[in-house]
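To keep things clear, I will list the structure first and then write my remarks on it.
Chain lettering (A, B, C and D) follows the sequence in which the chains are written, and residue indices restart at 1 in each chain.
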């Protein structure tokens, strides 16, 4: 931390700050000049809070210079983490596409979706069994029946399976049926849930969505909660942040992709379906996501979007998804990467 | 809902929309003119989703015209709800002040804080036993020991007690010791927690903080989750929203107070401590909160802020809190309201 | 400036940064520790740009520690500036109320408005002659005829006069008729206009509105442009910032008032009319503005809001304005300030 | 417009609203049902303001259903506008790249930049002669000398030329030397400037940057100001919007590209340099911009970024720009588009 004293700070004020730093087991390096006196705090020890110094007399500013996250930091681990979802590797050369409906609605529906996803080259099937709905009066998901259908559909079409966990009580059950947990944007700072996922005995990988107005640092701190529990496989998912305009449901922040790559070793995927909320724009932003360097996509695809029980308006038709995949495959090559071939892409 | 068709929409497209409305049990009133055709949807029934129509061909816009929340709505209940916290009434003529430290740290600390709060005219003691900390390496609270100390301190000084609940597993325990649950900003859309609080057998009142970037409608939808479970006592708490500037921790949105009063019958209080994050600004925004018409304040007060284990930088010294209370008392009278007298305010 | 090197930065990288600092006429103080090496830049000289160092190899962060504005800074001038608008003093004990219609529309209208403003205790009459309208098809103002009417109405009722300037070409003309220039939110960074106002021979005071998404630092930098030209009388006006919710037109950021008081010596007033955009909420936020410590208010009042050519929906009726003034007068006393009495407030 | 009455609105209140609509030359279609009464306003006429009805008794909501812009609207003109910049066509199959330094600094510098831009396949040279700087103490541009150098450099290397106009007084002069005007983000709502550009006798094309927190509708309204004056060639430029995070200077809103394509016939380009503010991220976002469907790019390139007088930290080295162009060329083909070949791309 660096503490900037006012240029009219008294020696007593400087001494008080210095004493507080010493009490916390650190040392102070003092530099006078440029219209202010700067106290550099040096030495190892517990985290210091800038705000604790900001309120002291004579202090103009207190600035943290080391990042508050450790396990998630690129400084801590230089090489990229590759997350293994039961054999499907996220963070390597292959751009992994996860797709499927918002909610599991019926056997017929989830099997039709899974077939479409597998046919176009998707690797992981998504689908909600427990749904976080803004309204208590909306469809809340099929629960464990949904989990079983999702698993069966994934198995039949050779896809891994990811689904959302909303509460600690659901962890054991979901771990039984799914290959990867998804933590939704609304639970990004549900710290009890994050800690329980990190410490769960199965240590299954977690897809951590960015909160609706989370800073990148807060997002990485949430990843830190999971990592601190022992689970190594955390994949970040950019899904759009809140803006002042209402032309799209959210603003997909694609600059988050290279920023995360700089600050962290964790893989990051993008979700253009929630990022825009409007079917017509999903493919455009999916291409942009691959072009910017995302390690994967999460896309909502439904065999019959007009009848979907949730998020129908942002779900792609299977044909649209297939076109999207073909185009993204070319874009991936520009970055020296690849996307798994579709079933009818001949050898 | 109102559906706006493109002026070049074909009769087939209009028919398709009309048919979909009929399939959902509603009727359509059609108005032609002003460069577009407007289809008004009439009749009672389940909620319609604008986005389901937005994606249909020929549709330019689909606009919800009735609010998605019911029990929380002023249309549903005209008269103000007054929430009873074991005898202390929030939402009436008295402006209720809740104050205390961020976290319960020790017996000595919480008793000293409680004494200061009671002396200045506060009615409810706040203090965290389970803390939502951004970093897994920060102090996480004393747990049940903290709850017991909070209760004892409140009882000794004649204060009611409010504390944060972070997980379903904590509800029974907190209900045993506290008079009111607090749901933090990070959990405003932790729907499982909200539902469990609403359905809990004790039906104790809930202080629901606004999420960091929650719209007022989303906030009221979260209140709806609690109300739908049977708990009637929901108090909203404006605690600052995220902005693009970093001069303060958040922006306290005081316009939320009259907006909530218009849309809902629920009481609303303001938290200038989290709203600014900086001690020096807390009293200014506390006065403004009372002036704008808030039903109460939540303020962080600590007997020794410089040694606080959390949020010290935004906690007031007891003397500052006392001055704040004296000034707010005068402002309250402008609105025909009152704040309980301090212990040394002679008869 | 403080430059934070990566803990794995090489000595060559540190030398390159040091050399660049020396080339700019400054010196470097180096502190090793806490997992990083900190280079403090000391000595006087031209402004350094953090971004110029951020891109150098081995640099993790570069942080400006002195404020980029000088003349507007509290460090530069400790005592409050009191702006003299032809005898009316803004920034002292009296809270100054500026009120009037959005636009000057006719002789009858502006005289009726001026009478209502004066009667209730307002000191400065506002009214637009040149209007910044989002649509080219909306009413654009009466121009110089409007200025003359505004002046005449102000003179008749003993009010000073403020009006918006939108272009350099209008400065001479407006200076002839008005006592104070207003720069609108949309022109807060129209630097050519700011410079021309600062350098204008009459050096009339300027009311500088905050841009719709301006940081407080950017706002003060815009004030700096005016001050740098020689005009000393700059009054800042908080008028609401953009948010993600649409319940109000903007969010009035009342924390800006104490923040400005800390960073700058310039007076600051608040505009609850644009801050909310809805008549029903204006009085609530006006009271809050006085309570938070604003040096004045700017309020839209119209003798017949339902017929107003612009902003009718946020304009107060004269009776509403009168009630607002009476209530704010009491609140001002809490802060040891006063508001001029209304005409029928007996001695 | 659609006006939603409260379900408890009286017939008198409904009559008052109806009368006001009639007074404005429109008719009302009434639909009763769904807990509210909806009044559809039909007929042609002047723009109605929702806020004028919102304040009437018994009115719950008033919603504009036709867009407030006309000439810029896709409804007004179905086919894409192709803007001709002295022979270079923006909005067709070719993705047009505009590049060059932030400011023109010297003959040597601008010729070196122009050479690099032309060599890599750029078509238009950018460079500021008049600079909008946040600080009055920063480099403000070379003025007319800069314009002449820019023109000469463009001519030598076969590039068209675009430069920023900040004030009405500069229009004639810039029109003499440049092929296209640029309006910066800070002047997006400087309506006097927009009107003057639209009405200028040369009717040269205008590149209109999006304001830092402008909605897409406000942006199109600003385009409308220019179009209303008779200038047909308006190109929109997405350059990043303000967000709450500070990891990048702005958030490049790439969803704006398909949204503009839907709402308007005007071409849109993206500026990843200002969109991120950090050199390291520019190429990533440039690729994403082409992938999402932008009609062009604006990129800052400098022959010696470390010595640049402004924006050096976000300017690319010529080699980086060349690599970016090669990669974008492949991505463009995915969309059936092309980018002009570089000089050393053999036949």
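The rule is short, and it goes like this: contacts are C-beta pairs under 8 Å (C-beta built on N, C-alpha and C of every residue); 3 or more make two chains touch, one makes a residue touch a chain.
Here the structure is a predicted model, which is why all the values come from computation and not from measurement.
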**Minimum number of chain-to-chain touching steps separating chain B from chain D** = 1
**Fill in**
Touching chain B and chain C alike are A, D
**Asked** Which chain is most remote from chain A in terms of Cα centres?
**Response** C
**Message:** Using mean CA coordinates as chain centres, what's the gap between chain A and chain B in Å?
**Reply:** 27
**CA centroid of chain A to CA centroid of chain D, Å** = 31
**Asked** For chain A and chain C, what's the span in angstrom between their mean Cα positions?
**Response** 39
**Junction residues of chain C, two or more chains touched** = 213, 242-244, 280
**Request:** Could you pull out which chain D residues touch chain C in their complex?
**Result:** 46-47, 49, 51-52, 54-55, 68-69, 132-138, 166-169, 186-187, 189-193, 195, 211-213, 218, 221, 224-225, 228, 242, 277-280, 305-306, 312-314
**chain D contact footprint on chain B (complex, rising order)** = 1-2, 4, 6-7, 26-27, 29, 31-36, 38, 40-44, 60-61, 63, 65-66, 75, 242-244, 246
**In the complex with chain C, residue positions of chain B that touch it** = 213, 215-216, 241, 243-245, 247-248, 251-259, 262-263, 275-276, 280-281, 284-285, 287-293, 327, 330-331, 333-335
